[in-house]
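Look for chain A in each of the two complexes below; its partner is chain B in the first and chain C in the second.
Here is the complex of A and B:
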């Protein structure tokens, strides 16, 4: 398991947890938050964030007794999504997938993983890929199903895989070419 | 031979400096002055060396001591052609008429003044009786009305005096009080001047504070009223307010909320109270009159008056200095508590009311000097650390 994440100094300042009304200050604050979210998720290999988790260690600091409001969290995810760093899951705006690597980068990693394990020409379900603990090391092993789906669509678009949608929601398959 | 008149000293806001116990009686705008008789054609007059100038479109002011004409075309901060005639010079028998004609109506004041130099300034002031309307030869219009009013007033005065002879003793006391107030004001002024040269001792500081408190309750000797200023009421009110405010502002952190100004100003006026709307109108006239004060409205709607030289940058610098002050060894509070400010602590530190302190904090926030923490109990302001943080720490 990964070690403790080193939070930056400004994580201890209470104003960091209030979205600043002054535009210049707010722009910088959002930059800092976006960077922190991506680093934190990469460190913990987190792919999906639930914004309704009130005391999520990323969004709250018990040492200075401050936490980011749900509205503020949504603002940050919106900003992250503009640059392709996040995508909303569902219409509730409470869950999102954090893309600390680009979808293209995940696609290439998944293709390398499939080639290594000899899955070319066979169909593997998304669940199997996500649950797989084998294969070349690195970020891809233990990836969330949401990432697998996005990576598979990328490979389909570039002609390296075909996505086979099953009857149920769970058994979407990926055929590596 | 020409008719020479005296100059008039003006306050920074452009009102005449009144002598002790001098009261304004009446003010008329757009008045031309005519020295001598036009038909005779051989008379001229005015300030020494400025006899050839035209004395037109000014404001005429009758006080208990003088007939004053204020030049409205003067350059800011100068007296221009503003001039005055002491009422002791105004006698019916004198050969030279002095006419003040108000346009466009027929209101005019005409009087007769002996030609030649004004009396030396050291001449003793006339008894108050010199201001009696008998000394005027008044033709018509507003002048006539003034004359009639004055006569009626005198009659009423006599009735009252007869009926309440006891009051005379009290009146005499009141006069003594006014003299005392003016004396104290003069002393305090001298003190203040000395204070700016060298920082006085604590004892004299305490005395001055006491004196200020007394002066504030003594108030304004000759308040501008609708009756005396007429159409010029708001303009004159604005000027008087501008003359009175700086000493008050100096004691209150250089800034006052409008409601405070209203209370303090009316308290200083004592009896001739003004309405909130009059105050608002007077403040709004400052910019046009070029007085060294500003009336501003913060984004939240809080309205304040402040001196023109108090800039936002200066306040921001003070706040920056306050919030970055190093911690003293006696501070046992957490580091957190010292590095932050709320409206209350800022108001204590700046010596201003919390509403205004809050506006200053918001202003400093807009300038990027502070940033906020909407905490559960209050909003605190911290030094703005965001620009110094690196996104790639």
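Here is the complex of A and C:
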């Protein structure tokens, strides 16, 4: 677990937990929340958020007794997704992956990880990559499978890997080239 | 025998009036001259004073405020131009210009959060943060003077006195009597059920101000539209919508 995270001032102010009706105010509010979500997830190396977790410390503040509603959380993730900062998982709009680094940047990190460990030319499953505790370190160690899948697709598109989908669908492999 | 007015008498009277007028003119000319001389002496002393205490005026905000008061009393505006004797002597031009820029930056950067209204203390805190620790210290008096300079540029700078607080507005929209009253009641913690500062409700305001619901809602709608008030539907007591006014909310001040 990482050290204490410094929440911004607005997190202590009750109205910021209600999506504001005035456009300019709302724009600023969403800007502040987006940046908080990215910073928070980066600090805690969180990749997947479950919006239905009512008392999630990112969305609720017991000090001022406020929490964001599920609708408000969805609005924020939608906004984050517009800029590539998040992607919905599934169709229920309750879980999302937070991309505090771009998919391309994760792809490069994964490629560096594979080269370091000599995985070139071999097939490694997504699960093995996500569970790996070895390698050059940095953010990539302990990364979520959702990130691994996206990074692998990026590497495939740039010709640095091939994605091999297993029959069961859950043992997707990555062949580093 | 009735005495008729003679030519000589008329002449005499005319001469006397003329003589009196001349004497009068001379006298007022003399006193004017004396006053001019006194004022000139006064200004000269002021200039000498300024020269002697130049360093203190620049360094000490309280001393500077006193000096401004003295200048105002004898009709000198050391900030009137950037090129005049005063500006050059004291380097005031740059000082207030720089301060003005810092004030404008602080107000603009926080506008989306407070609708362009900032309490003087908060503005001070933001300005001091921008200036850093090495810059010459500034007082509220300096900040208000710099805002006076900014007014010349237009853009709607104004300073409102609301319930003993000075609220700086950096937007052209005027505060009317009702919206000012809402801010005043919010600042005093008298506009909401919970008595929290910076927070009001329709019911609480109606009770405190003695207004009909429609009038309260109209004022609040106006403040929300301008970004001066924020809505809050997350009160766990859940009775009614809360309205928060950042420029007088302790949570949002002195950052």
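One rule holds for everything that comes next: the second predicted complex is superposed on the first by the 177 of 177 C-alpha atoms of A that agree within 3 Å, B and C clash if a C-alpha of one lies under 4 Å from a C-alpha of the other, contacts with A are read in each partner's own complex, and residues count from 1 in each chain.
Here, contacts are C-beta pairs under 8 Å (C-beta built on N, C-alpha and C of every residue); 3 or more make two chains touch, one makes a residue touch a chain.
The model shown is predicted, which means the values in this text are computed figures rather than measured ones.
On the superposed chain A, the two partners chain B and chain C do not both fit; they clash. Contacts of A:35 after superposition on the shared chain: chain B is touched, whereas chain C is not. In the overlay built on the shared chain, the residue A:132 is in contact with neither chain B nor chain C.
In the superposition on chain A, A:67 contacts chain C only, with no contact to chain B.
Touched by chain B in one complex and by chain C in the other are residues 9-10, 13-15, 17-18, 20-22, 24-25, 28, 64-66 of chain A.
Looking at the complex, you find that chain B touches chain A at residues 336, 340, 365-366, 368, 371-376, 380, 382, 384-387, 389, 391-393.
On the chain C side of its complex with chain A, the touching residues are 112-113, 115, 199, 224-227, 230-236, 242, 244, 246, 249, 251-252, 255.
Listed in rising order, the residues of chain A touching chain C in the complex are 9-10, 12-18, 20-22, 24-25, 27-28, 64-67, 69. Residues 8-10, 13-15, 17-18, 20-22, 24-25, 28-29, 31-32, 34-35, 64-66 of chain A are the ones that touch chain B when the two sit in their complex.
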